[in-house]
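Please go over the structures that come below.
Look for chain A in each of the two complexes below; its partner is chain B in the first and chain C in the second.
Right, the complex of A and B next:
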C-alpha cells in the first residue's frame, strides 16, 4: 500500500487526468450510503408498520378532530347588540372575547410582549375574528368596573373595532333588559345568575351564563323551565367544550379504545392566593362606589358593607358554592363532554378549611365521589388549594388509560384483554403511550403568568385550530353568537347546563348536609 | 492546503483506512440524526434549548421562546446534520463539512455542557463529567480536519484531480 501512496502523489504532481483507480477510490464510500439508506428504510418501514398496526387497532387518526364545532367562518350577518351584566375579571375577559379590550389592558399586554416576545396574548387577541357585535349596555354595581366596561366597549383598537361604540351604563339589570340589546352576558356572582336570567328570558334576550349555572337546585329548575319554554339561544360558559384535545378525547372514547371505563379521576389543584379566590381588593371600592345593598339583594343573609365579600365572594356560601361551582363544574362538564354521563345516581363528599383560615366558609380541600351504577362508573373529583400538582383528567378503562390536558395520551393497560396479543407481540408497549395527540404541531407558545399557565394547561384558556393558538373563550362565545344568527348549535345549552348545575349542587349538599345525596330521576329532585 | 495534500498522501494503508472509517462513522451518525429529524414532523429543538445550562444558557433559552427562531434552528439542525453527514460519508466538500460539523457539535456541547453542578431535566444515556460523547465526536472531527482523507477516498478526489475545487481537501 505504501507504494500506492507514492504513486498517488506522483499522479497528483504529474497529471491532472482522472484514471480508473481515481474513480474507484472516489466512489469507494458510496456503497456505504446504499447500506445506510437500506437500513434506514427497513427501520422506517418497521416503525411505520407498528404505528399503523396500533392506529388500525384503535380505529383512530392522528390528525386534528374531523368535526370541529364552529371552525368554519360564516358571514357575520346582522350586528348583535350585547349587554354585559357584571364586569369583574370574568366579564372583562368575555368582553375581550367579543372583540373589545380596555385600553389599559392592551397597553399592559403590549409591554408584556416587549419584555417577553413569547407572550402572545395580545397577538392572539388581535387575531380574533370580528364577530360583528357591539356592547351597547353594561351593568355593574361598582362604578370603577362599569366605567371600565364602557371604555372597553368604545375602544376601536381591537378585533371588534369596526363596531365599537358608546355603551350605556345601567345601575340595575332590569333597566339594561329594557334597552335594545339582543343578547345578554351574565358574569355576576352566582347568587345573581337566576334572577337576571329569568327576567332576560322573559324579555326575549339570548343568554350566555357563566358557570356555575345557578347557586341552588331550586334555581336550576327555574332556569331550566324558563329556558326550555323559550326560543332564546342559551350557552353556559364551559369554554373547554371548544378545546381540540377534549374533542379528540371524545373521539378516542367513541372509538372504544379504552374498553370499559370504570373510574374517572379529575382534579383542580392550585397553590396561590389567586387560586383560592383571594383576589385583590380595589381601594376605590367604598360604600359610595359600590351598590352593596343591591349586591346582597338576592341573599337571605344581609351583612354590613364588606369589601372582602364583594371582591372575594366565592369564599362565602351566600354568593357561590366554592370549589363545587367554580371548579368541579369545569371538570365535571369536561367529563360529561367526553363520556356523556349526565347526572349521577348518588354523590358523597368531604373536605375542610385546612389552609386558608382567613374567615372563609367554603372548604379549600374538598372531594366529591359521584356514582353512575347504570354506567358501572365512578367519577372522583378532588381539589386542594394548597398544592398545584397537575395530572390531567384520567379516564381508566379495562384496556387503556387516557390522560387529557393540553395533550391526549392513551396508554394500553398491561392486563388489557383487547391488546393482550399486541402487547405480547411487542407491537404495543404498555409502559408508553400508544397514542398521543398534541394540537401544537410546531413552534412554541408561552403564557407567562402563573394564572394564565394554570388555565392554559387545562385547556381552559387557549386551544388550537389547525395548529394556531386561539382563545377557547372566544370560540365559545363566537359559537353562541353564530347560534343566535341561526348558524350553529351551542355546545353547552340548557340540558348540559342543568346536568352541571344539579351535579354540583348534589356535591355541595352532600358536603354541607354531611350525607350521601341521591338524584330521583322521576321526580327530578335531589333527595 | 498544498502541504496538507502532500502530507495526507503519505498515509500508510492502515492509517488511511482507519481515518476513512472514522470519517464514515461520524458521517453515518450525523446523517441518521438528520434524516430521523426530517422524517419526524413532531421533532423540535425546543425542549433541548429550554433545558440549556451553563455560560450561554440565556441565549439558547431565548431562542426557545421565539417560535420564529425555533423554526430556523429546527431547519438548520435537520438539514445541517443531514448534509454534513452525507458529505462526510461520501467525501465531498469534506473540509467544509468537517468544519461545519465541529461548529454544530460545539453548539450542542455549549448548550448542555456536562459540568459539575449543572442538572438537566432531559436524561442523558451515559455518565459524564466535562467530557461527553459530543466532545469526543467533536475531537474526532478535529482529527479529520488535521488529517484529511476526502481527496484520497471520496468524491473530492475527482475534483482535486480535475483541478476544479482547491477547497476540497
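Right, the complex of A and C next:
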C-alpha cells in the first residue's frame, strides 16, 4: 500500500544532458560533496572521532537543534529494526530520514546540486545523524514501490549506510508485523492507518503514524484506547513540531509578549497540480502490479481498479479527509504546539470544489472556524488549492501580532496597552517588527549590515541551530527512535494525535453534515 | 528536558554579565523595570535595542577547543565577541576585558549620553584637553574626510538632526535645510593638540559613521595584546576578525539583504581584517525610506542610488567610515576610490539591481534574490 505518488526519477538521469558518469565524476570533484562521501566512508568505520570530523566539515558539530538532546554526541544505542508500510512519496521520504535513500534519488539530487549549487538537499541528507536503524521489512501493494523500498534499505551510500541491508518485502502488513521488526512506520493512505496500528500495537511494535492520524472519529478512539493501554512508543508525523520557528513562537507566547490572543489565522494556499494532489500516474501501475483489492479492503465503497484513486487517493472521502486531514491537521497541530489549545468547543466549516473539477469529492477551497470560548479564542483555518499566496500563521494578541512561518516576526499593536509608553516614546515602532527570528541566517559567523534600529534577523546564541541544514522530518523520526531507546519523549504522541484527529474530524463533519458540530468533553464524543 | 546546548553551555558571569543560556536566565540577571520581557526574548535568540541583559556562553566545540560568545547591548545595537580558544577561563577573561574596553570607549564617544566627551563638545562648541580617545577618533574622521575627497563628513550632524526631527512630518523646508547645511564643513572643525573647536556656533559632530568601528578596533587591541588570534567582534554589523572560526575556516560573513528577504546577497570570508556595511534600510526618517540617517553633504539629501555598501578594510574604523563614504558617493566613484586604498574592497548593491564590486572583493557565494 502506498502513500502519494513517487516522483519517478528512473530514466531521468540522462535527460538533462548530463550523464550518470558525469554526475559521479562531479560528485568527486565538487568539494562539498567530495567531503560528504569521503566523510561517509570514514564514518562507515564507526569511528566516533572521524564522524565528528565529518560533522565539523559540515559545520554541524555542536549545532544540534535544541529539541534533540545530545543529537550529535550521544552514541547510538541498540540497533532498531524498522518496517515501513507504504512506500509512496511520504514513505520514501521517511525512509531517507531514517538514513536510507534510493540510489536514483541520490544521483538526481547530486545533479540538482551541480545545476544549482544553492540546492543543498543532498548535503542535508548526507549530514543526517546515523540513527543506527535498519529497514528490515517493507510492505507496499505496488510492486514498483516495494522494490524501490528494498533498494533504498540496501543502499549503503547514505548516513544509515553502516546498517544498510536486505529488507524483506511482505505483501500483507500482518506478515510484516510477524517479522522481527521493533518498530513500524505507517505511511499508507489514511483509511489503512487504524487497522495497521491496532494490529501493530497488539504485536508490541512501536509506531510512527503519518498524519492525519485516523480517517474517522471512531478510529481515533480505537487508536487512542489501544495506544494508551500499551507500552509502545508512539509518534504522529507532524514533523513541524521540530521547527525552530514553532519552538520560538511557543516561547514568545509563554513569555506573554502578545497579550491576550483572541484570534489565530492559519492558511494553506497552493496553486499547482501537485498541491491539489494531482500526482503523476505511474504507467507501470496496473492490476498486475497493484493489489487493488487489498488497497480498498477497509473501504465500504468498492470500485473497479482505478489508477486515479490509487495515486491520487486524497481526492476521495473513501481514503482520506481532503484538506482537513491532509493540511489543516498540520496547521492545527502547529497552533496546538504553540498555544496548547486542545480540542475546540465547536467547529463550523464551508467550501466547495471551485477549481479542480476533475471528479474529486473533497473540496479544493475550504474554511473551518474553531471556537474556544473558555480561552476566548477563535482559530480560523482557510485553504485554497487555486492560489498560492503565503500568509503564514498569524497570532493576534491585544499587545502584539506574531507571524510564524520560516521566520518569526512580532509586531506591537499600535493600540497595545502594554507597549503604549514605548510606542509613544519612539522606542517601539508599531509599523515594524519589534523582534524577529530567522533560523536561516545561521550558517555564517556574522552578518554585516547597516546597524539595525530595533532588531536583527538572527539569533545570536543560536547560530549553531541551523533549521535549514537539518530536515525536520529527520528530527521528528529521530525523536521517535530516541524515545524508543528511552532517551526522549515524542513531541506528538497519542494525546496530541488524538486532539489533532478529533479537531479535524469535527471540521470534516461540520462540512459534510452542513452543521455546527460540538465536542462533548464528558462523553468525549463529537455531537 | 534540557537541550544539548543548555547542557553544553557552562556559563559564568564575571563582571556583572548575566548568564543566559538557550531558554533560562540565571538568578544574577539584573532586574530593571520592564527588563524581564527583554531578557526572556534575548534568551530566545531575539535581539532588540531595548535594554537587555548581557549574555554569555562558553561551549566546547570539540576536544580541546572551546568557543566563547558574549554579547551585550551597546551603541544602540548589540555587540558580540566570539573567541575560539582551548581554555575556558582564558577565553572568558579575554572577552570580559574586551567588553570592559567597550564600556570605557563608548562612555567617551556616545553622543546620546549627555555626559560623554563628544556630547560636551557638541553642547559647548569646543572642548579643552579632550580625552585622547576622542582626539584620536576625530583625527580619524578628518583623515577619512581627506581620503574620501570630502564625501565622509562628521560635521553633518545639524542636517541629520533636522531630518530626524522632521520624521513623518513631510518635506523639510528648504530654508531650514539651507541653514543646517551652512553649519556643515570639516574645514570649520579645528583639532589641535589640546583642544577641539567648531568655528561656527551651532555646529556639531556625529561620530556615528566612524565611532563604532573605532570601538571595535579598541576591543580588538585588547585581544591582540593578549596574543589571541582566533576571534570575531561584531558591533551591529561592523565586524573585525582574526584567524579562523571554530571549524578552522575563515570567518564567514553574510551581507544583509537590504530588502530583508531570506538569504544573503553575498557571503564573504574574513581572516584578518574588518568589514562594515552602510545602508538606509534600518534607520530611516520617512515611510518611503527616501530620507534616512546618511546624508550627502553636497546635496543635503540621503543617497538613494545605493541600497547597501559593504567595505572590507584592514581596520574596523576604516571599514565603517568607508562604507558610509561608499554609500554617499556615486557608485562608480565609490568603487574607484576603494580600489585606490590598500587592503580595501567593496560590494555595492544598487537600487537599480546592479552589483558593483571592486577588484579585490571576493565572495564565497552570491545569490540574486
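Following the convention adopted for this analysis, the second predicted complex is superposed on the first by the 428 of 527 C-alpha atoms of A that agree within 3 Å, B and C clash if a C-alpha of one lies under 4 Å from a C-alpha of the other, contacts with A are read in each partner's own complex, and residues count from 1 in each chain.
One rule holds in what follows: a contact is a pair of C-beta atoms (placed from the backbone, for glycine too) under 8 Å apart; a residue touches a chain by one contact, two chains touch by 3 or more.
Please read all numbers here as calculations on a predicted model, not as lab measurements.
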Chain B versus chain C, judged by how many residues of chain A each one touches: C
Going by the contact rule set out at the top, does A:255 touch chain B (first), chain C (second), both, or neither? second
Would you sort A:406 into first (chain B), second (chain C), both or neither based on which partner it touches? second
Taking the superposition on A as described, I'd like to know which of chain B and chain C A:424 touches: first, second, both or neither. neither
Does chain B (first) or chain C (second) touch A:229, or do both, or does neither? neither
The shared contact residues of chain A with chain B and chain C are 117-118, 438, 441, 443-446
Over in the complex, which chain A residues touch chain C? Could you list them? 52, 56-57, 59, 61-62, 64, 66-73, 117-118, 248, 251-252, 255-257, 406-407, 422, 427-428, 431, 434-438, 440-441, 443-462, 464-465, 488-489
What part of chain B is in contact with chain A in the complex they form? 5-6, 9-14, 16, 20, 24, 28, 31-32, 35, 39, 41-42, 44, 46, 64-67, 70-71, 74, 86, 89-91, 152-158, 160-163
Touching chain A in the complex: which residues of chain C? 1-8, 20-23, 37, 40-41, 44-50, 55, 57, 59-62, 67, 69, 71, 75-78, 80, 82, 212, 232, 234, 236-239, 241, 245-248, 251-256, 258, 260, 262-264, 267, 275-283, 287, 308, 310, 365, 367
In the complex, chain A touches chain B at residues 1-2, 4-5, 8-9, 11-12, 16-18, 22-23, 25-30, 32-33, 36, 40, 44, 116-118, 438, 441-446
